[in-house]
Amino acid sequence: MANPKPENSKARTLTIDPVTRLEGHAKITLHLDDKGRVADARFHVTEFRGFEKFCDGRPLWEMPGITGRICGICPVSHLLASAKAGDEILAVAVPSAATKLRRLMNLGQIVQSHALSFFHLSAPDLLLGMDSEPASRNVFGLMAAEPELARGGIRLRQFGQEIIESLGGKKIHPCWAVPGGVRGQLVDAKRTAMQDRIPEALRTAREALALFQKLASKFEEEAAALGDFPSLFMGLVGEDGTWEHYDGTLRFVDATGSLVADGLDPRDYRSFIGEATESWSYLKFPYYRDHGYPDGMYRVGPLARLNLCERMGTPLADEAWQQFRDTAGGKPVTSSFYYHYARLVEMVGAIERIEILLDDPEILSDQIRSNAGVNRLRGVGVSEAPRGTLFHDYTVDEHGLIEKTNMIIATGQNNLAMNRTVLQAAQHYITGNTIPEGLLNRIEAGVRAFDPCLSCSTHAFGQMPLQVALYGPEGGKLDERTRD
Amino acid sequence: MKKLRYQPDSLIEVLHSAQGLFGCLNNDLLLYVAHALKLPPSRVYGVATFYHFFTLEPRGRHTCTICMGTACYVKGAGALLAAVEQESGLKDGMSAEDGSLSLTTARCLGSCGLAPAVVYDGEVAGHQGPEDVLNKLKEWEADHGEE
Amino acid sequence: MSTQDPAAAPAARRPRIATVWLAGCSGCHMSFLDLDEWLFELSKLADVVYSPVADVKEYPENVDAVLVEGAVANVDNLELIRKVRARTGAVIAFGDCAITGNVTALRNRFVTPEELLRHAYVEEADFQPQVPGDRPLVPELLPKVLPVHQVVKVDAFLHGCPPPPHEIRSLLETLLGTPGEGAAAKMGKEENGEPKT
Amino acid sequence: MKVTTLKINGQLVSASPGATVLEAARENGVEIPTLCELEGISNVGACRLCLVEIAGSPRLQPACVTEAAEEMEVQTDTERLKRYRRMTLELLFAERNHVCPVCVANGHCELQNRARENGMDHVRFPYQHPDLPVDITHDRFGVDHNRCILCTRCVRVCDEVEGAHTWDLSGRGTQSIVITDLNQPWGEADTCTTCGKCVEACPTGAIFRKGSTVCEMEHRRDRIRFITDARKKQEWNP
Amino acid sequence: MEKSELEAIADKERRARKPVCVSCCTAAGCLSANGGEVLEGLRAAVPADGADERIEVRAVGCMKLCSRGPLVRTQGPAGGTEKPPDEILYERVAPADTGALIRAAVNNVRAEHPAIDLSQPFFTRQKPIVLENCGRIEPERIESYIEANGYRALHLALREKAPAEVVKEITRSGLRGRGGAGFPAGVKWALVAKSPSERKYVVCNADEGDPGAFMDRSILESDPHRVLEGMAIAAYAVGASQGYIYIRGEYPLAINRLQSAIRTARRLGLLGGRIFDSPFDFNVDLRIGAGAFVCGEETALMASIEGKRGSPSPRPPYPAEHGLWGHSTLINNVETLANVAPILLHGADWFASVGTEKSKGTKVFALAGKIANTGLIEVPMGISLREIVEDIGGGIPGGRVKAVQTGGPSGGCIPAEHLDTPVDYESLASLGSIMGSGGMIVMDESNNMVDVARFFMEFCMDESCGKCIPCRAGTVQMHGLLKKICDGEATADDLALLENLCDMVKHTSLCGLGQTSPNPVLSTLRFFRHEYENLLVAEAIGT
């Protein structure tokens, strides 16, 4: 809506439909008071698929293959969480080579997903500008305007995807991790091919990091307006507080950096995470139980992981992490806009870790799968998806047929924070009668910073149209418009 | 079975008799038949479920069978079925949970001259309208109430 | 990507392609992005005028070909795919969800979507359990998830979960084989839409 | 040895005496699609994919059970046959829940292969989406009725090769379902010898080794032929 | 048993006849309309009047006009005080009416009770061969059949003809199978006769499954020995010594009568070993079906006789080569076998003189639907549909004929404009229908033809055995498409798809049930396409 019509002062509705450059279907409604100021804003997720129900009756062993289809962007996260839930049910020790291979694949996915988020989806805003021409404010526009940067980003994502392919045989929806281990070993030729690409990947990631650091000053207003507020942060950490993406225990910190809870066993997630439903969204609202709903708002994903870990564990990433934390004086970084920054730091760390894993001789082992029958009737699998912590929780019958499934997906856990971000952004940008397209794009960018994966969060497959509706003070919808 | 000399090919006749004696064919009965005729259990089960006549579930106290043969259909048997289904909440082939009634349909009773025809507990009644059928159901219900 | 005047003479007009995302996991789109550097070639051959990875909000008129990912699962999907059909020359069912319903259609074995919704939002909720029902903000689910061709006419089918990038490329190359003429002419298909140039 | 001479798709070919049209075609490198047929067990002519046109016969004949005859003229691949085959496959796909991407037999499935080979790229009929059970009560194997095409290979191999007759069909028409013993859970079927022949015989992912994950189930159909050939030729009892 | 003994039984029976005969129909149609109590009432009324010296009450078989039952016929001696008609057929007799009817019969007068006009075309236009004994003889008494010339044909065959001559006689008569397809009976017999199989079987197909058809049931209930005699002759001709009658479980009365007929025939030596002192042995067993339409198909029927699931097998091999338990088997249906004895008795030429060039003899139809006179009729082949519907059937009261459905679920609907079509195998086939086993349903303008097609498709879907894919899954989809059309949700594409599917199922199904299942759709599409098109919508609803 480049030129919204002048409205009467009393009430209006705006629609951004669809919210683009996101993964999923969503709408935004803005509720105005009689002075035309934003009183409330809501972020609606509009897809639903019902995985938790229709997986009932399937054999446990098929679950990684099925739940991987929840999301085409982070299938590996689901694959791993699902396989890990399966490990629990079989009650077997996964061979250490298999664990390393699974870690390797997850790191590959973090690289590809973060590259997608930064280069394909957000770089157009950052480099071409929030107010640039919408028709070309996309990856193709970036390819025309900044071909080298675009090419680098595409190749970085490709690097991540090829790690997944080298292990799982395909880039998207490999059915490779299975309860008890993994299905195929890594062959030396593929290891070498990956190793050969590491220097380039690392260079690209570091350049992107440097670029963001340079650009950051241009986006101070956005950094303050797009979701800068205190909240809890949750994520996995390793034993000594090191950044973690596959194993470990859960930690909650608050905006001051104080530990709220630590060493939580992911299997007990139900005791500290609750889920609320709102009538206006297919995406549920997880919250930290001790703080209640909606005060138990917490954020997950790159920003949270960097805020709650004590070190990255690899040299380049540690250095970048320190710089990142310094932007907030060593305290947690509270602006959601800095998810972008955190993502780039993680990408550097992930590539470093990939290098370490590939150098490990055990990575070529063929001892990669433990077989067993059903030895427990419930299993919870957890992994850090690019967007945050992911839980798969299965209950099976004695033979291994699924009886009950629950999944808590990364993006869902950011739902409260995304709503808060939309409200903050709207209140900041929407004043008066005319709303330039670029301002609406900033509201979208606020959501985009979270890199929400709505395919995942609603277990829905689909696009995410963002529709902004304005509601009057008495609650009735005043107007709705779709941007074009 | 003795009469049929335990011939495996007498399976269908044996099932007819068994159902006649016991009302329905439960798994114990089928297994007994399988052993006696020296047939694999799955074959016996397969045959018992292939034919409409055999039922593995006990029938209700009363059975209402609506003929859905062509002659009855063109004369409004569909409306009879719909009326009973609506009144009783049962679908074709179902028995009421309280065991009071089974509703079935037949593929032509051969009583086309009486179309549409309904069989109430084995008694054929011809030229039935929806009201006749519903009255009969009410009658049964009242009988049961008195018992 | 440069914007071309849609009213330009047919011979000069660059093919206009689009990608659409219904009820699918985005994996097909990811596979499209796995074309990697070939995307540079693509941008020389055609304009991508609408896509979830681009910012245009309203599906434009006179699109020559569209890749449709995902099945038709709710009223929003239905509305969009009808619009897409009316405004596009060649509609390509892109991936197994679009073609068969696939995993998205696994819910169809339940009698009504209500069963699933209750499970997800009532049984599995700790706070204010309720089925999201604010219409039209939260679109109503269709009773059954449908493949695209059971809702609108589809001109070609690209299989896979997701379709491998080289097959996407080969299809696009076939469609764009004679740049300037427009994919619709190449496909020889016109349906429901405005006459193609 | 005397041979039968016939024409397949216009080519003069010879076949072993008593060979079926299908065998004659295979001996001469002509592919005729099949699903219910499996070398080593009897043929039932049920899937109708192998129907061929025979000059002078008003009806299409199933190649698997039609004996090749002298001077027979057979067409195996006319447009009409292709059309029927595609439609037959569409009917199968619409009948139950064949969700290939998440099937244990994905990539190793005869149904999927037939669809690909015969150009069945979409299903015009509404999917029926029945709600069918999965039985993994057996220690080593499982059966998923959602993927069953009722070809009865399991029934025949169990009866004819293993001799256990654990499997049979129950119900009829579209309600048909393969059963073990008295429609009991497979794990409770006394007659099952756990030989696994049904698993190897199954053309789809319906019968699988328990613990198979998506794409992982490969059937070793040659094992059945190995046994039946050896038995026929008395290879171990000279 | 000698022929003389047969004659002696017949004589004795004739001598026992009394001047006044009151016959009560005890076929299933009338019994289900309280016919049993009427019979008891009649019997009870006789001694009360003290008239048992002059009057007898007989329990006979079907008197054909089923819709007006229970039927009671009185026959008095010619020349009473006030000459009554010889024969009066009272309709809708209630048990309370019986006393009055008996009194009237004894007194040779017409009772004050509605009677049926026997001079109406329903009776005069029929040509009874198969049904000649129906409603005349007492089905539960073999003596009654023997009196009506019963078992003379069997004697003739066994004692005076070689098996090959019997086959030749049947071939010459031009008799064609009455079960549906009309395959020449003589050819079938000759195939079995020629088979080197050491054991052979004769099977009587009494699995009359077409909805709307009850010819075979009426024959078996009314004249069971006729069928047994036909089977025995066939067995002699082809060299079989064991026969099976495969009868629907839905026909308990027919089963009873057959069982008692087999028992009494065996007792008299008309079945069993060395019949009529010839070397010929023949036994018949009943096999009771259990509700599966597909068992009317020969290979499925044989599977069912063997105690298996009634799934058909591909043909060839045909039953004549590879039948029951692998042996050569002759399968004929009830009506076909009921024609055998008269052909032998009266000769092939006599039989061939009835009917048309290619369709000899008569055909029994069960006339039903919206027509005035529903019931059983037997007419010469070649009679027009119009004569059957309008004259014999009496037309549709207050309505117009829209179509006539013949051949049941495998048949088709013939529209009113083709009513002048002669009833023979070829003419019906040329209209996309079939002779079938003899169900004939008349429909009026209120019947929607798409719904009728849907009804038949539902039947085929429910009755599909499930073995072959086109029939199992195809009928489901055809039914779905028909329902979609009926519900006004289908587009022209759906109709085109339906037609494609019909073509495919017709040509690829394994057995007759599947192959003919699209017929009701194809024939209604052919003549009533507009009814389909009127129900189509422009755009799919899509949900």
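Labels A, B, C, D and E are assigned to the chains in the order they are written; within every chain, residues are numbered from 1.
One rule holds for everything that comes next: a residue touches a chain if its C-beta (ideal position, glycine included) is under 8 Å from a C-beta of that chain, and two chains touch if they have at least 3 such contacts.
Given the structure is predicted, the values throughout are model-derived calculations rather than measurements.
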Maximum centroid distance from chain C, chain identifier (CA atoms): E
Far-end chain from chain A, centres as C-alpha averages: E
Nearest-to-centre chain - CA centroid comparison: D
Maximum inter-chain contact count - chain pair: A-C
Intercentroid distance (Cα basis), chain D paired with chain B, Å: 36
Inter-chain centre distance, chain A versus chain D - centres from mean C-alpha coordinates, in Å: 46
Approximate Å spacing (C-alpha centroids) for the pair chain B, chain C: 51
Residue numbers of chain C (touch at least two other chains): 102-103, 106, 109-110, 144, 150, 161
Shared-contact residues (touching 2 or more other chains) in chain A: 66, 69, 173
Overlap residues in chain B, where contacts from two or more other chains coincide: 43, 46, 50
In the complex with chain D, residue positions of chain C that touch it: 93, 96, 99-103, 105-106, 108-110, 144, 147, 149-150, 154, 157, 159, 161
Residues of chain A that touch chain C when the two form their complex: 16-18, 20-25, 27, 29, 44, 46-50, 52-54, 66, 69-73, 75, 116, 120-121, 124, 133-141, 143-144, 147, 151, 154-155, 157-158, 161, 170-173, 274-282, 284-285, 287, 289, 293, 406, 441, 455, 460-465, 467, 469, 482-484
Of chain B, residues touching chain E in the complex: 7-13, 15-16, 43, 46-47, 50-54, 68-71, 73-75, 106-115, 117, 123-126
Complex interface listing, chain D residues touching chain E: 44-48, 51, 59-60, 62, 65-66, 83-84, 87-88, 91-92, 94-95, 124-126, 128, 149-150, 169, 171-176
Interfacial residue positions of chain B with respect to chain D in the complex: 27, 30-31, 34, 40-46, 49-50
